[in-house]
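The chains carry the letters A, B, C, D and E, assigned in the order they are written, with residues numbered from 1 in each.
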Amino acid sequence: MIGRKPWVPWIWLSPSLLLLGVFLVYPVIDTVRRSFLDRRSDEWVGLDNYQFIIDNPQSLVADTHGAIFNNLLWLVLFPLIVVPLGLVLAVLTSRVKYEAVAKSAIFIPMAISFVAAAVIWRFMFVFDSDIGTMNALMVEINEDPVAWLQDQRSAQRAAFDIGPEEAWGPIQINNFALITIGVWMWTGFALVVLSAGLKSISTEILEAARVDGANEWQLFRRIILPILSPTIAVVTTTLVILALKVFDLVWVTTGGRFGTDVVATLFFKEAFVVRDFGVGAALAVVLLVAVVPIMVLSLRRFQFQEEIR
Amino acid sequence: GDDDDDDDDATNTPGDGGQVQLGEVDVLGIWGAEELTSFEAMVEPWGGTVNFTGTRDITSQLTLQVEGGNPPDVAAPAEVGLFQEFARNGRLTPLSACEGLEDLIRDKYPESFVELGEVDGELYGFFMKADSKATIFYNPGLFEENDWDVPDGDSSFDDLVSLSEEIRDSGTVPPWSMGMEEGAGTGFPGTDWIQQILLNESGGDVYDDIVTGEKGFDSDEMKDAWEKFGEIALGEGFVLQDGASAINATNFRDAIYTVFEDPPEAAMVYIGAFGSGFITTQFPGIEAGTGFDFTTFPGGDVTGGANIVYAFNDDPTTCDFLTYIAGAEAQQIWVELGGFTSVNEDVDLEAYPNDVARRLAEQLLDAETFRFDLDDAIGGGLQQAYFQGVTQFLTNPDQLDQILQQIEAARE
Amino acid sequence: MERSEAVQVPAPATAEVSVAQGLRGLLPRLPLHLVLLGFIVIWSIPTLALLISSFREPQAIAADGWWNAIWPPWEFTWDNYDAVLNQQGMGRAFVNSLLITIPATILVLLFASMAAYAFSWMEFPLRNSLFLIMVALLVVPLQMTLIPVLRLYTQLEVDVEVPIVGGRVFGTSSYLGIWLAHAGYGLPFAIFLLRNFFGSLPRELMESARLDGASDTRVFFRIILPLSVPALAALAIFQFLWVWNDLLVALILLGDPNMAPMTLRITNLVSSFGSAYQLLTAAAFVSMAVPLIIFFALQRYFVQGILAGAVKG
Amino acid sequence: MAGVTFEHISKQFDETIAVHDLNLEIADREFLVLVGPSGCGKSTILRMLAGLETITSGTIHIGDRMVNDIAAKDRDIAMVFQSYALYPHMSVYDNMAFALSLRKTSKDEIRQRVTEAAGLLGIETLLRRKPGQLSGGQRQRVALGRAIVRHPAVFLFDEPLSNLDAKLRVQTRAEISKLHERLGTTFVYVTHDQVEAMTMATRIAILNAGVLQQVGSPQDVYEEPVNVFVAGFIGSPATNFFKGVVKTEAETMHVDVGPFQLPVTPGRQQVLRPFVDKEITIGVRPEHVHDADFMPPGTESAPVTAEVAVTEFLGNENLLHLTAGGHEFLARVDPRTRARPGQQIRVAVDATQLMAFDTETGTAIR
Amino acid sequence: MAGVTFEHISKQFDETIAVHDLNLEIADREFLVLVGPSGCGKSTILRMLAGLETITSGTIHIGDRMVNDIAAKDRDIAMVFQSYALYPHMSVYDNMAFALSLRKTSKDEIRQRVTEAAGLLGIETLLRRKPGQLSGGQRQRVALGRAIVRHPAVFLFDEPLSNLDAKLRVQTRAEISKLHERLGTTFVYVTHDQVEAMTMATRIAILNAGVLQQVGSPQDVYEEPVNVFVAGFIGSPATNFFKGVVKTEAETMHVDVGPFQLPVTPGRQQVLRPFVDKEITIGVRPEHVHDADFMPPGTESAPVTAEVAVTEFLGNENLLHLTAGGHEFLARVDPRTRARPGQQIRVAVDATQLMAFDTETGTAIR
């Protein structure tokens, strides 16, 4: 903008810069520092804490490898399910009269605290098929009840009954169960943001496409999707990051037991239960590093947006 | 909470101590629900104001507050590992700082409990709301019908096994109900089994060595305890929740209920004394002694948990508060309300609401050997490993050795 | 001139849609409705389970599945809600929750939209990299920040009682403190979301506002914000319920029990042995009420074609 | 290939009636031009025909198919939106190719058709740009191109040339006419440009305030407007209107406007009889008021002396704003006129070209 | 109140040069009309002047203040955007009141000014509507109204009447002219409508492909175009061009176009001397090709026989597309002509009105 004083942008940014600096940047720096110190943050230990993560000596308390693997699982599955689901629902709901009701049904899980959510899913997943909804269903279809949150058998084995009996994972049933909870809770998020984006698409462009003979699918595929792509990028990026830092959900349901640990839960255990701040911090830093490539990717969409506006 | 605002906004009610102007005291604990109500009833007579914050993630909460330079005045968690660490790092004030408090504890509290409150000879904390874990709850009616004889402290572990076989073979119900699931605490009932067996079979010294680390989890005594636990848990037809995944997946509460339902689904459940609380709430109007009852775990020695109370400063209000709740009058209030076992000798046994409660208290006070909960005593990562180990052992009993090594590896 | 304008008539017209038309309209859309209803049902089952359980006796809950309660004989009870609502201090806790949540939400909306405006409509060095960094902070786990923040708060503590609402001016147990904290934690996502929406507005609107003599502030308040209500509404909903449901930050920053929000009170329903699920179920719905009201209230801002008629081309 | 029929079509937006009881038959292959004042309902009619606007009442047929409930995409219509409605995320090429690609047209065919259309519209060089990078007129041409690459049953153009320069407009106009001849599909064309309307239309439909006024060939509507509105609306600069009383003396008849008398040609006298001594409204087009010095040969005329208020130079002609006895009127005279503002000048009104209207009803007297 | 000066202004978008080295002085109170083919840089010039587009090189002065780095809001400029850019969330009234309210104008004054402007534009009844509920022309009028409620130093109009009907356009045009007289501020006005340009402008600036071609009074640019482009661009329908060789015989001089000879008037002979036996380009405007039967008295002319290809009826005149000896050209003749397509007809080219250009450079020969 011509004639805007160079310092003006910084005025607009300053409140955010300040708050982010205090509440996020400063702690991050502190954490990075701690990741090079020992468990009590007294002595300098160089890269030992990272070495610990790599060597994974205490797999029983802190299975760093397993946690990282689970995070990858979340990273891939969680957004991959939630985003398309949210998108479809956003489009569908926008076409019916009971939009608000439909949306809220999907959204309600978001409004439920993790503690409560844990309670619900206990009810869903309880092993006793008299109480547990899922197992009640399993019994209905003449299957054995499954210990959804504890069963470490690999999903593929459970499903198709192939592979050795004590095949533990790598992709465990209980991780799927947890991701299911995540999907249930977060689809509402994707739905709300995406439908907000949907609403801001010009009606006239949609009309033009219809006159051009686009059916609903082509309209979605060729017009809505591309125009919405920056918003989709926002949602996806956010969900990817959430998958990266997923904590409460795992913590309140399994506490990371039975090979459901993720990096964030490990970080928490190491920092506050085992009270090894060094390793804890190092694990947190892993998260920080992992986010960088994701951000770079999502920047592309914004450049695209600036092009067409 | 903070520790220096007592003087300014003091409530100016003369406390029992009388001599000090009582202000506010911030207490961080794990109590909730009826416990909280009882606690508030207990501190009601005390002059000052109690700001109680309850959380079940108390270890992280405490760590955060202490690290953040903002500890509460008083903490009352169940885990002593953290306590000992704080004490060693000089975060805590010794009870001696509060005039008369240390003596009160040393006089009125059982030796075993006093020792646990000591770090390097200094007394930093005391225990209240203790819970015996040498308790097997059973369904008396069921036992009478099939005239099975109830084991007691004098019988042996083998008796327990043979009883289990008898009940199993009777074809009525499985002898045991067992559930390990409890979110982040999953596995703790198993650890209770193991520690109880360990104490009975190998005695207090070995037990202590395990805590201090002179003996490892991979020691023979420990291994023996695990295997004995396995005999029951994985014994053919011993457990209602048949198989590892069922046991691991069943919440310990649900496991308790099955024994006392009508008709009962299992004969016995091993759970800490606090189990009685669940039974009475779940089955209102159930008769202690007839509807449900407990017996001492064969072997007679007693393990148990308790909340350890300690302070981060020694200003008058805090001291007055500690002295108050350590005292018999205060604890008697909670005792009468139930769900609380006091280890203060002056508390009148008559005060307990019912017979079961009274016997639980007696068991605790009369035990010739008492040991504090093993996992709570070690705490930290080792405790985690211990919990994890239990569930893993159940799924893969053949991997016991390496599981035990891994647990030991988690010792700091 | 008037003659060439359309005639004005008082009564709104009613489109004459014949029943046949109506049916023809509905039939092809039947699958759509089915799919949607399918989703709604699936998503509602757990919630339904929670709702039903919240009206059941604890023993009933432990005895059999929630679905058994649907069929008569109904033995529902208000006890759980009784216990939750009549827990002492619940009223105050409710007020506290509002006192904490509303300002925290407003702060985020304001600061984030300011930053988003700068990011989307101003040029300055390092714009993109700075933006990336801000958003990347979204990954920071809260627990990681608490210790340093708590240290800071204890150091910067201003231990003066605030009249009426209570609490300190600043530091732990201060409303200001927890507002800022929540704002800080909420910003990365908020900025991320808003920048995207602000950026999609047609440039010419800002330009014409400029020519009309509008300063940045004016453009921001009179053009950008009104045209971004759907995004702002979405953000408001999320920020509100995230703060509303927060337990962790409140635990650390609010020592004073008189300031405790509902989430803290609710944890007191659970004994140290973790019983009383039936209470948690009830509590869940109690605490869910307000965010849902907000959600419904803001629904009307999700309107199609907010930019209709703005620019040609 | 299909005609279009509107039967009792009305459209009401909350409180505004945009179109009122429209009855109009557009023959197959016809080129119908819709004209009317801004806001009179032209776009609404197109949008209803395209299926973008619900119909408040009445029925629309395309061919013999009743389309009220047919979705836009199934009506096989191409439309140029008044506001372009280009796809912002697509290049110019993709914008134009979109409709074709939906119809599974072969890549080559698409390329061929798009480049051809782009050629006609002079936007070949812009094919890779995004709409945001185009000038107003370029955008409009893309919008136009997006329609003309198609071969639909009906073409709808909503002021497709409004932002093009005169030269380009003439060319494009010619191209559209060619297109119409080549495809022989039905065209409905909205424009404000009288030349466009006159030159392209097979028939012109004049709307006012949502009501259809007259439909007819350009010549008809220009020479025999059915009412004052049409007479005043068609033709630019607009017709001069005078109120005057019909007088007869012996054989001759004239209209007494006050400052001057307008003789009535014998052919007209019959129809004007009933209005003798009544007031009627006379319409005179500016080009029928001549500078007496440069009168085209053989014009039967009534001489008038008037004062020149303003002169507008239009290159090929001069526009004189004249006043005579309180009447203001326009004359479009030979550019060589010597009239200058303030002067008195003699003008001649071509009596053969007068239009007469009933003052009350405003309808033409025939 | 201030003039505007462009000095060596250039504007480049990534690879396109939109404006090239523009030097132009607009006097205070002047009404400058910018014309040029679509995409030639008109809007870009306005946008640079308004401070919406960064300047690639050169300087712009408003009054004697160099404004290159002055923010748009501080330039005191009102602009009608080609694409309207209405505030979709504000009512028509608020759209028009916005600028004033920012200036802390009193409520009453705002109401008074807005209602007045709305009156002029005939949108009083729409004041409570949102832009989305308006017709194209109504939107454009709102955009116009938003500008004219203000009293800025400079007015910029980017094709402000393109979507209005002829009648309304004439009225509004008049209103804008009045406004210009009343306020006496500087107006810069982009239009494609020749009549608009001719009637409103104090000076017209003709642009082509970003390059300024000619600046001058309407009459100048029409009668003395500096080059072929201007001659061809100004005037509609466009000028006919013939290539021909200058021939002299004794005293007389004529241009041999092939099918016919165009006599050179004595006054012109001097300047054409250097081109004797060389090829030059002759420009003849259609209105200077007359139907021989309806020739205005006293036109010096060269008779030509041509075949009528197409006739376009424009009401007040007839447009004939003629071909003679391979040359296609337009004639704008008296509506009473009897010419019909396919016929042979005798036309006369008015020799006094010929325009001559150097074929190589395209510049006028004077």
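Going forward, a contact is a pair of C-beta atoms (placed from the backbone, for glycine too) under 8 Å apart; a residue touches a chain by one contact, two chains touch by 3 or more.
Predicted model only: the values in this text are computed from it and were never measured.
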{"item": "Chain B and chain A - chains in contact with each", "value": "C"}
{"item": "Shared chain contacts [chain A and chain C, defined touch]", "value": "B, D, E"}
{"item": "Chain whose mean Cα position lies farthest from chain D", "value": "B"}
{"item": "Best-connected chain pair, where connection means C-beta pairs in contact", "value": "A-C"}
{"item": "Centre-to-centre distance between chain E and chain C (centres being mean Cα positions), rounded to whole Å", "value": "56"}
{"item": "Chain centre separation (chain B, chain E; CA means) in Å", "value": "95"}
{"item": "Length of the line joining the C-alpha centres of chain B and chain C, rounded to whole Å", "value": "41"}
{"item": "Numbers and ranges of chain C residues touching at least 2 other chains", "value": "4-5, 8, 62-63, 143, 147-149, 202, 210, 267, 305-308, 312-313"}
{"item": "Junction residues of chain B - those touching two or more other chains", "value": "60, 64, 183, 185, 254"}
{"item": "For chain D, residues contacting two or more additional chains", "value": "36-39, 82-83, 86, 131, 134, 136"}
{"item": "Those chain pairs that satisfy the touch definition", "value": "A-B, A-C, A-D, A-E, B-C, C-D, C-E, D-E"}
{"item": "Touching residues (chain side chain A, partner chain C) in the complex", "value": "1, 4, 6, 8-10, 12-13, 15-17, 19-20, 22-28, 30-31, 89, 92-96, 99-116, 119-124, 130-133, 136, 184, 187, 189, 192-193, 195-197, 199-200, 202-204, 230-231, 233-234, 237-238, 241, 244-245, 247, 264, 267-268, 271-272, 281, 284, 287-288, 290-292, 295-296, 298-299, 302, 305-306, 309"}
{"item": "For the chain D and chain C complex, residues of the former touching the latter", "value": "12, 14-18, 20, 36-41, 54-57, 68-69, 82-84, 86, 131, 134, 136, 139, 208-210, 229"}
{"item": "Contacting residues of chain A [partner chain B, same complex]", "value": "39, 57-62, 118, 122, 126-128, 131, 147-152, 166, 251-258, 268-269, 271-276"}
{"item": "In the complex, chain E residues that touch chain A", "value": "51-52, 54, 68-72, 74"}
{"item": "For the chain A and chain D complex, residues of the former touching the latter", "value": "202, 204-205, 207-215, 218, 222-223, 226-227, 304, 307-309"}
